[in-house]
Structure formats: C-alpha cells, structure tokens
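Next come two complexes built around subunit A: one with subunit B, the other with subunit C.
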Partner chain A sequence: MNRVWALSVITYKEGIRNRSLFGILAFALFVLGLNISVAGFFMREVGKVTVDMNLSALTFSGLLLVFFVALHLMAKDIDKKTIQLVFSKPLSRGEYILGKYLGILFFVVVSLLALAVFSIATVSLVRGLYPNYFAGFSWPIFFTAGCFVLVQLAVLCAILILFSTVTTSSFASLIFTVCVYLVGVTIEDVLFYIQSGFRTEAISPVVQEVVKVVSYILPNFSMWDFKLEAAHGLAIGAERIGLGLGYAAVYIVVLLALATLFFQRREFN
Partner chain B sequence: MAARKLFVLILIVFVGAGVHVGLSRKVWENRQEVRRTTQTGYVFPSQFARILALGHKGLYADYLFLNTLTFFGERQMYRENLTKEDWDYLVAGLDTVTDLDPYFLDPYVLGASLLTWDIRRFDDANRLLEKGTRHRTWDWRLPYYLGFNHFYFLKDYNKGAEYLMEASRRPQSPSFLPTLAARLSYYGDQARTGILFLMALISQTKDERLRNSLLIRKQALEGAALIEERIERFRKERGRAPGDINELLKEGYIEQLPEEPYGGKWLILPTGRVFSTSKFVAPPKKK
Partner chain C sequence: MSVAEISLKNVSKTFSPGLFKKKVEAVRDLTLEVGKGEVYGLIGPNGAGKSTTIRVLLGLIRPTGGEILFRGEPPRHGEFQKEIGYLPENPYLYDYLTLEELLQFCGRVSGVGGEERRKRIDELSGKLQLTEALRRPLRTYSKGMLQRAGICFALLHDPAIVILDEPMSGLDPMGRKLVFDLVLELKEQGKTIFFCSHILSDVERLCDRMGVLVRGRLARTFGKSDFAAGCEAAVHLLLPPVEERLRPALEGLQGELVSVPDGLLLSFPAERLPEIAGALTRLGIGIRGTRSSRVSLEELFIETVGESS
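Let's turn to the complex of A and B:
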C-alpha cells in the first residue's frame, strides 16, 4: 500500500506542477467574473443564474483538468518510456493503475477545491449585490451539487485510465474519453426521447436496441447532475445521493479492474 | 536597412489598426441592421435542446432566455411591431427554456405579462403558467396569475377562484387571497365552494384576527347560500322568481332572514343571485 501511496503522491505533485493549471484557473476566473456581470441581466432569478454559471464553470474546468492535465499524467510514462523505470521497482501493474488513479483523483480534487473557494466568493458577492433574489438558495444543496461534479470527474478519470491502457496513443484515449463523456451526458435524454411518443419519424428497432445496450455499458452522467436542484434550492433525497454514490463507486471499481486486466497483458518495448 | 524595415512594419501596424477601428464600426452597424431586419430565429424543440445542452440544461436555459429577452427588447427599442412569427418565436423560446429548466421563474413571468396584455394569447400564457404551477409547487404567484387571467381576461370566475384557492394554500401567499377567492367564487355562482374553501382555511388559520374575519365572511356566504337555495325552491314550485326577499318571508319559504354579518340588507339581484347592500365589506369603524 505504501508503494501505491508513493506513486499517487508523485503523480499528484506532477499534476500540480503542470503549467496548464494556470490556464484552466484563468478560464474559471473568467467565467466567474462573467457571472458577476451577467447576473444583473435577469429579472428575478439572479440566484439561479449564478448557481448555474458557477457549477457549470466548475464542471468545465474539471473537464479541462481531466482531458489535458490528467491525460498527460497518464500518457507521459508510456510515451517517454519512463514506465520501464517504474516497473524496475517492486510495483505490480495493478498497484501502478491504482496509484496513478488515486494521484490523478487527488490532483483533480485539490484543484477543484481551489476553484470552489473562488466560486463561493463569487456566489457570496452576487448574493451581497442582489440579496432579494436568493430566496431559494441553500449552501448545503450547492455543496452537494459541487461534490457530485467531483464524482463525475472521478468516473471520467477512471474512463481515461481505462482507455490509456488499451490505446497506444494519448490522443486516441483523449478522443475516446471525450466521446464517452458526451454520450454519458446525453444518453438519458436520447433514451427517453426514443421511448417517448414525441418523435415524428419511426426509429428503427436496431437503433433502439443499440441505444438501450449503450445505456447499460456507459455511465449515465445525469445521475450525478444536481445543478438544477442547486439552482432552485430543491431538496435532494438521500436515496438519490446514495444511489448516485454507489453507481459511481461500482463503475470506477469495474473500470479500474478492467484497466488492470488490459495493462497486465500489455507489452512495453 | 534594418531601421527602414522596422519603420515599415510600425507603419503597417498603425495604419492597419486605424483601418481596423473604422471597419469595426461598420461591422457593428451592419450587424445591428441585420439583427433588426432578419426574420425571426428558430428555436430548437426542447427534446433536441435537452440533448444539445450536454448536461448543462440550466446554463443553456439561461442563455436561451437571454436570447429571447434580447430579441424582444431590440424590437421594442426600435418600436417595431412584432409579427405573428415573432410571437411564435417568443412562445417557442419560452417553451424550450421552461422545458430545459421547469423551475425557472423569469420566463413564466415574462410570458404571463407579454402574452396576455400585449397580444392576448391567453392559451399560450396559461399553458406556460400551468407548467410553472405544476413544478414550482412552493410558489403562490403562478396560480395567482392564472387566477387573474381567468378572472380578468377570460371571465371564467369558477376557474379563477380555483386557481386563487390553490395560490392561497401555498406558503407566504398574501392574506387577502382567501377573501378574494371567496368573493370571486361567489360572483362565479358557487357560494358553496367558497364556504367549503373558507372552512378549510379557518381550520388552518392560527392568526386570531384573520380567523375572525374569515368566520364573518363564511357566515355571510352561508346566509346568501341559504337564501339562494330557498329562491331556487320558490322558482321550481311557482315557475317564477320571487319579486323580493319579503315575498320569500311572506310565502313561508324562509321563517327568518339569516343575519347579515356586515350589517347590510339582503338583496336579490336581477340575475337571481343574492347579495347585500354592504357588498360584504365591513363598514368603516367609527372613531
């Protein structure tokens, strides 16, 4: 376990030293600044718009962190062949995967917490400017939604790790991860749309079946999306939170196990 | 040679920058004209917009609402009349926004005010408001607007009273709503509904003053309902309406007139409804 820990600490440090972090931070600060100026355009729901923009800014920044920094952390060892050096140490491949995942996760959590501080400051500022328009706002629900942004990113990191173990190019794993994310955030609406009677044209049964199968294989990111609840201060049931956490935990475990499986069969030369 | 090159480069930068500023001004003027004169936009139907939002439905709803608002604002600014297509665009925009985020208050309020006063598209306005009433279950304003539309524009008093009752059951609704709903339902030919509604409210009201005023109103409505019932019996048996209240007394349809708690006298309106000279309003207290 010590070896895993050591690897994850190294991975985390490498991530924190990455220069792209400043760019992502600047992006997040820009969106939060935009929020302050745009909030006043709305008639009543200033609070809702503020929460929408804050949580979306956190999500976008988190995605950038995963797609660029975390990808780099994962791919670098293989691209630069430093992985040979790592495996000369007494470290199993399973431990390597786990260590990398924990390191990346730790890095994402710490970066996002730093952004959350700015986000809290923004919300407090806008709330101070428009105190009458935050009637439904609740910090606990806002924080819950924020934590579930982290859960989404944790799943995404595991997906990234899985693809890094099967593909030989980091660009390919980026494309695959982005695709899985896009499908994951839209699959629910697509599936319900197909099932609903609203559609104007008949959809072939093959497509329907494919979508259904995909919905079981890929994660449904809507399960971890509480932005709407946070925006309006709607209570989130304990069942949804528990189910969401369980769904994420199981999915991550399966992905990491699969990644280990693929990684063990992979040859480095 | 190097100095000349540098000079030329600096010249290009300055001249270029000057031309650019001039051109930008033209570009913005052009865009403004284009936006003003273009036909109405197209809003993605909500089932596609939900997918297009990529998990950021709230943010997309905000953006779309801002677009709709700007569109309407620009037309207002240039005092241009909105065509039917413009209004369709506005309605479609508000529909999609509220499908993306059904708890978003602003589009409901905008729809409720523009679609009724400006263009009198009550069906669209009420459909939006009903959606809002279903989702914002804690908000008394949306059923209140619905009640108002039914009362003021559609003259559907029963429905209006129903919505007002719904509004009055919601938290933080103003204390005048129950009275308003009861009055409305009375005019809307349903004194009995008004009484039931008042009874439900009285049982839930802890404030002593409000409770008393509700009790008085209930007593008045009960009196009116009783007389109306006797008038109905009179009409059935005699084939005509009684001339006045006294005829009911004389003919033995009622032994004694119920007390009018506001101190007025009972009247039979030409419509056959019973009302009072007090108009069910407490007389101002004498100093």
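Let's turn to the complex of A and C:
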C-alpha cells in the first residue's frame, strides 16, 4: 500500500501544479461571477437558477479537469515512456492502476473543493441579495448534489483509466471517455423515450434492444445527478443516496479490475 | 562455476505492427550471459534491437521465444526490480515534480527507509552535480540534466545490477566525464553493469566484454583481453597530407593506409615501428601524432556490421 500511496502522491502533485488547472479554475470563477451579475434577471426563479448554475459550473469544471488534466496524468506516462522507468521499480501493474486512480481522484477532489468554496460564497451572496426567492433552498441537499458531482467524476476517472490502458494514444482515450460520458448522461432519457408512448415514429426492435444493452453496460450518469432536487429543494432519500453510492462503487471496482487485467497484458515498447 | 547474474537464452522478439503490415523481428535467437561484477556493453547500429533486448530483460515486453534468467532462475516480480536500476534512452521525467520528489518516490517504492533515502539523495545529487537543482521542477532541466536525473533515479536504491541504455546521450563533455566516473565507481563497487551505447570509446574503456548486435542477432562477442591482444599489435600513426608522388612509397610500406579528415592514418604491427619510422624520415614525411586503439574498435564494429548485413 506504501507503493500505491507514493505513486498517488506524485500523481496528485503533477496534476495540481499543471498550469491548465488555473485556466479551468478561472473559467469556473467567471461562471460563478456571471451568476451573481445576472441573478437579478430571473426574479422568482433566481434561487433555482443560482443553484443550477453553481452545480453545472462545478460539473463542467470537473469534466474539464478530467478531460484535459487528469487524462494526461496517465496517458503521458505511456506516450512519453515514463512508465518504463516506473515499472523498473518494484511496482506491480495493479498497484500502478490503483495509485494513478487515487492520485487523479485526490487531484479532482481537491480542485473541486476549492471551487466549492467559491460556489458556497456565490450562493450565500445571491441568497443574501434575494432572500425571498430561496424559500425552498436547503444546504444539505445542495451539498449532497455537490458530493454526487464528485461521484460522477470518480466514475469518469475510472473510465478514463480503463481507456488509457487499452488505447495507444491519449487522444483516443479522450474521445472514448467523452463518448461514454455523453451516452451515460443521455441514456436514461433515450430509454424512457423508447419505452414511452410519446414517440411519434416507429423505432426498429433492433435499435431498441441495442439501446437496452448499452444502458446495462454503460454507467447511467443521471443516477448521480441531483441538480433538479437541489434547485427545487426536494429531499433526496437515503435509499437513493445508498443506491447511487453503491452503483458508483461497483462500477469503479469493475472498471479498475478490467484496467488492471488489460494493463497486465500490455507491452511497453 | 558461479551462476550468471543475467542470462538470456535463445531470446527472440517479433513485433506484429498490425493487419497487412510486415512483422518485425527485433531480436533473434539472442543468447548472452552477464556475470557478477562484469561490465557488458551491447553495441550495434540503430534499430539493431539493443533497447528491445533491455525491455525484454526488464519484463516490459514479453519475448516471443527463449528464456530469461536472473541468478539462474526466472525473475520474480518485485525481487528482480529491487536488484536492478534502469536508465532508458532519453528519459522523460514528470514535468511538474522536483528531482527530490521524484527520488523520494523512487526510494519509497523500492523500500528504502527515510534516513537512508535522504542520504542517498544527497550523495547521488552531489555526485551528479544536481544538488542546486534538487528542488527545481524537472521541466526546467536541460537535456543533460534530465539524463543525470534519470541516472539518480536508477541508482537511488543501490541496485546490484545497473542497466543503462545510452547513458551518455545528450551529455556535454563534462557530463560525460561525470557519468563515466560514476560507472567506473560502480564497477569498482562490484556492481554488474549492462549497457548499450553508440559511443565506442566509452564501451571500450568501460566494458569487460562487448557484444555486437546486428539486425537482432548477436553477431560477435569479444572480451577485453581478446580486444587488447589485437590492439597491442597495432600502431596507428597520423601523417600530414602527402603529395601524390609519395603515395606509392607509403603504400609500399606494407601498412594499412587510410585517409582521415586531417591527413593519413598508417597502421602496422608494433614490431615494425623502427623500420617504418626510418622510412618516413627518408621520405621526408613528419609524424603528426598517434591514434589510440579506438580506431580499431570502430573498424571491428564496422567490419562486424558489414559482415552481418
């Protein structure tokens, strides 16, 4: 475990000192600042818009962190052959996968916590300016939704690790991870549409089956999306929280196990 | 008979680049042994399979055939890595880490205790003149400094076997001397060293045995003693450019005459030195200097590569 910890520490340091991080944080701060300046335009909806905008800013910044910084923390090791140096030490491939994952996760968590501080300040400020429109707002629900943004990113990091172990270029890992994320956030709606009676056009049974199979294989990101509940101040049941966390944990373990399996077979020339 | 530290027995490696592409035989039926405390140099032209051999040895790639033994047994992961230190060609290190952080990581994963780790970091950074740069991000390092940092990374856990892939690559003359002295020191400490290089003078001065790898095959192996015997018999005199009318007389001296950028090089057996010196005096040709046996190693190398191609 000492070896895993040592690798995760250097991975975290390498990520947190990356200059791209400042650009992403600046973008998030801009969105939060924009939220303060335009909040007045929404009048009765100001509370909902503020919460939604804050959680969306956190999610989008988290995605940028994963796609543009975390991606390189593993892919660069393979692209630049640093991994050959690392594997010349007594570190197994499974330990490498776990160490890299934990390092990337620490990096994402710390970066997002820094942003969360600004987000909390933004919500508090807007709430102070328009107290009448925050009647349904609840900090615990807001924090729960914020924590589930982290859970989404934790799963996404595991997907990224898996693709980094099977592809030969970081660009391919990026494309595959983005695709899985896009399918993951929309699959529930697509499935709902196919199964509902609202559709106006006939959909072939093959497509319906394919969508169903894909929905079983790929993670359903809407399981961890509580923006709507946070915006409207709707309570999130303990069973939904438990189910969401369990679903994420199982996914992460399976993805990392698969990544280790693929990595053990991989050659580093 | 003592067991070799590293043995490669009939090792082959064929790469399959993909559908519709020709397979590449990088290493073919390679057999070699490196004994304890021995310095073995693997030389060969670009693409000969030197780096592939090292990667097969380290377990980074799987051999297509053959067997690799470490002290007579198949290498066990963890134990083997604790005993080896590896420097790849042009190492790429983490941009945003400092050398100290990188070496701390190296020590931790290799199981070197805190106090010992600190001691080794100070010692190695001092030897390789990186003390001032220990706390600087590695992305600010020059190519030569990165190479030296890579050597620190390879040696931090005081391995018994050191594997160096082009250790002098990217180093200036001072850097080369530093690394050269360090390798000599490792040799004196009884470490087993296996290295690949294009710089034949380094191979000649450092190695006990040398192997010439051509197109993945070990074309020739020679020990230092074999090589020295061949060299002692030869004297290489550097002569100025001579007029055309003197060339037949020079060629008649029964030595080997070759053109070099600054004149001519006349090689002949050592016992003929008085006779040749007299003949040169009679012809009015001065001697500019002598060349060491390095030329002979180059010749041997070129000859071996030529024969095997």
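Operating definition for what follows: the second predicted complex is superposed on the first by the 269 of 269 C-alpha atoms of A that agree within 3 Å, B and C clash if a C-alpha of one lies under 4 Å from a C-alpha of the other, contacts with A are read in each partner's own complex, and residues count from 1 in each chain.
Convention: a contact is a pair of C-beta atoms (placed from the backbone, for glycine too) under 8 Å apart; a residue touches a chain by one contact, two chains touch by 3 or more.
Keep in mind the model is a prediction, meaning the values are calculated, not measured.
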{"item": "Which superposed partner A:Thr59 touches (first subunit B, second subunit C, both, neither)", "value": "first"}
{"item": "Partner chain in contact with A:Lys81 - subunit B first, subunit C second, else both or neither", "value": "second"}
{"item": "Partner chain in contact with A:Leu234 - subunit B first, subunit C second, else both or neither", "value": "first"}
{"item": "Partner chain(s) touched by A:Ser222 [first = subunit B, second = subunit C, both, neither]", "value": "first"}
{"item": "Shared contact residues on subunit A - subunit B and subunit C", "value": "none"}
{"item": "Residue numbers on subunit A that touch subunit B, as the complex places them", "value": "38, 41-45, 48-49, 51-53, 55-56, 59, 182, 185-186, 189-190, 193, 196, 198-199, 221-222, 225, 227-228, 231-232, 234"}
{"item": "Footprint of subunit C on subunit A - complex, ascending", "value": "2-3, 5-7, 9-10, 13-14, 17-18, 80-82, 84-85, 87-92, 267-269"}
{"item": "Contact set on subunit C toward subunit A in their complex", "value": "15, 52, 55, 58-62, 77-79, 81-82, 84-86, 88, 91-97, 101-102, 104-106, 108-111, 137, 150, 153-154, 157, 163"}
{"item": "Contact set on subunit B toward subunit A in their complex", "value": "47, 50-51, 54-59, 61-62, 65-66, 69, 101, 103-106, 109-110"}
